[in-house]
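Each in structure tokens, the structures are laid out below.
Both complexes below contain chain A, partnered by chain B and then by chain C.
Here is the complex of A and B:
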């Protein structure tokens, strides 16, 4: 299973700091929505696609990652056709496509630990309000770490049920999945303590 | 040295360990016992994951209940399932996790990660997502993540249970080559057959204690 996040590499994007990449993403997002020109939005898509390819991740993986967003953008376009105009649809779709491509380029080229460090730094001023930035950073890393674990648990439960002749039933899958995930979370919490992390 | 003084423990009034008195100066100690016998709780006592309800556990004279932070620095713990031990999504990030918790400078973190991965020829995995590793690679990464923090003692809780024979052999060789004192809880009797001492735990008590050649045949007999 491939998780659509960091892909190791040596590209210029990989060498750039997480802060610089996220700042650039924010600036481009604001600029796209401030500029009402459809031509600017149209021109931004191939540029964003080039940035996406520049991450150096395998082409097939890059294309596979775009399937889901492409369906979503198709629905957005149909919605605009039905309730607005073609021009509005093109503007909305090109803006979102640019943002999705750039955001994906950032996540593909930035390790989770760098993202977490950035979040910790960004939340630093909120310490006096009781926010613990290190815990938020760790929570982000753990959420990402848990994605493949939950997917694996899901597959095991589904196989066990299929082996006993049970048809796929969302409720029958979710209950054991939640229980197993909580148990895994408990054990991971023990490991975090054992490895010297202080609450 | 590890010393247990009149240690008892229970979970919600269910006794798990009862009045254990032990001194463990040996460099290789195996722990065997049936499921539910209390051996995993015993292992968890040694790095303060579980604190005894009665008695004391001393690691080089430090009471686990008094200074758990110091104990965690002294005693590394390798869990049965590496998926439940590896915290970060990328191998290198995971090795850095324990070092960052100890406030080690960034430059030193990089050097120590390279050295820890090189120990088991895992350098090529540094940038690899953890979920794409084999079971044996994950267990060696989990061990590397413990060793990179430079503990004085390493405790293993059934480190080979989930592995195929090849990976089991890799992990067994890694344990064998460790310069650290190691305490290994295991159902894999071959793994601990060459150790200096084996304890058999039964119903929360030490039912046998001695050389592997004495304890393991007794254990096999009890498990019939």
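Here is the complex of A and C:
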């Protein structure tokens, strides 16, 4: 099952481990902030773009995903033009572009389940502080399971309220959604406790 | 999550994280005199704090932010993935769990006298105050803007955020009255 932004494939990025990709991303972002050179930042954008394309996802989808960040970076650049200097603006925007492209490449090439395993593994050392990685894993799994269910619930409520002429009223949509969620949470917790999960 | 988080708490945390995702399906509203559309995102942050308290509300939003980082497109407009944490607005998203915690903490302290007005005040302190307190300096630092410019750029969102705090307050008060388990759960 594929959920989320992951795009299945066989590229070198897909074969690399999630840990390696994340560490590389952190190293690159630190390097770009520690050494703020405009030439390095400019040169890194095409490289990052090549990495982004190398994920093998459909070109149209790759471009569509960049629209939001591009608008945001455009705004940042306009602010620099209006109140700051062009050089600073170029440095800030190219730095963002590189990091956004690389981070998107990691997300496109790593399944959510692999990322979740990495989180559980990463939390292991925090066990002495009282952090229980299995509970975090349970919370992640439950939430992923319930996102489509609650979204479905939301569509039902919207249809019901539309029939009453209330489809545009956020109160009429969210209050029943919250109450139903609280109810299902109580029922689910009862069910888990009744089956003797933990104590 | 720490030792004092029970299985029941985990369920609440997970379901509220999922609820936050569903609330983002509410389409952005364009109000005539405001320059930017209002998305429902921080509405979920305010509601989590107001409805399930500091610890569970904060952890629910932390879980939501984690799900986004894992690669789920749960932000308004179907955005998500690691890239949002490397963009200029990362500070705002990272502030959400703290914002939900603060709203929840103030709500718990004053639980006996909660009404729509207090829900509004505490939603605004967490969901606007804390969010801007962390988001704006972060934006200024990573985008190489001055603090003042970053503040100016963010101000266009304040009117929408105030409306959201109002909506969150009315929802929280309605739920507080209509779902009595809330108090028992506390």
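Please note the rule applied: the second predicted complex is superposed on the first by the 131 of 199 C-alpha atoms of A that agree within 3 Å, B and C clash if a C-alpha of one lies under 4 Å from a C-alpha of the other, contacts with A are read in each partner's own complex, and residues count from 1 in each chain.
Everything below uses one rule, namely that a contact is a pair of C-beta atoms (placed from the backbone, for glycine too) under 8 Å apart; a residue touches a chain by one contact, two chains touch by 3 or more.
Because the structure is predicted, anything quoted here is derived from the model rather than measured.
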Counting only touches as set out at the top, which of chain B and chain C does A:195 meet: first, second, both, neither?
first
With both complexes superposed on chain A, which partner does A:30 reach: first (chain B), second (chain C), both or neither?
neither
Could you look at A:63 and tell me whether it touches chain B, chain C, both or neither (first, second, both, neither)?
neither
Going by the contact rule set out at the top, does A:144 touch chain B (first), chain C (second), both, or neither?
both
Quick one: classify A:112 as touching chain B (first), chain C (second), both or neither.
both
Across chain A, the partner (chain B or chain C) reaching more residues is C
For A:170, select first, second, both or neither according to whether it touches chain B, chain C, the two together, or no partner.
second
For A:8, select first, second, both or neither according to whether it touches chain B, chain C, the two together, or no partner.
first
Report for A:84: first if it touches chain B alone, second if chain C alone, otherwise both or neither.
second
Show which residues of chain A both chain B and chain C reach, each in its own complex.
3, 5-6, 111-112, 138, 142, 144, 149, 184, 188, 192-193, 197-198
The chain B residues in contact with chain A across the complex are 44, 47, 49, 69, 72-73, 76-77, 79, 81, 83-90, 93, 96-98, 101-102, 127-131, 145-146, 149
Residue set of chain A touching chain C in the complex reads 3-6, 22, 25, 29, 68-69, 72-73, 75-76, 79-80, 83-84, 88-89, 91-92, 96, 99-104, 106-108, 110-112, 115-116, 119, 129-132, 135-136, 138-140, 142-144, 146-147, 149-151, 153-154, 170-171, 173-175, 177-179, 181-186, 188-189, 192-193, 197-198
Can you check the complex and tell me which residues of chain A touch chain B?
1, 3, 5-6, 8, 111-113, 138, 141-142, 144-145, 148-149, 152, 184, 187-188, 190-198
Enumerate the contact residues on chain C facing chain A in the complex.
1-3, 5, 7-8, 10-19, 21-23, 25-26, 29, 40, 43, 47, 51, 59, 63-64, 66-67, 69-74, 77, 79-83, 85-89, 142-146, 149, 153, 167, 170-171, 174-175, 178-179, 181-182, 185
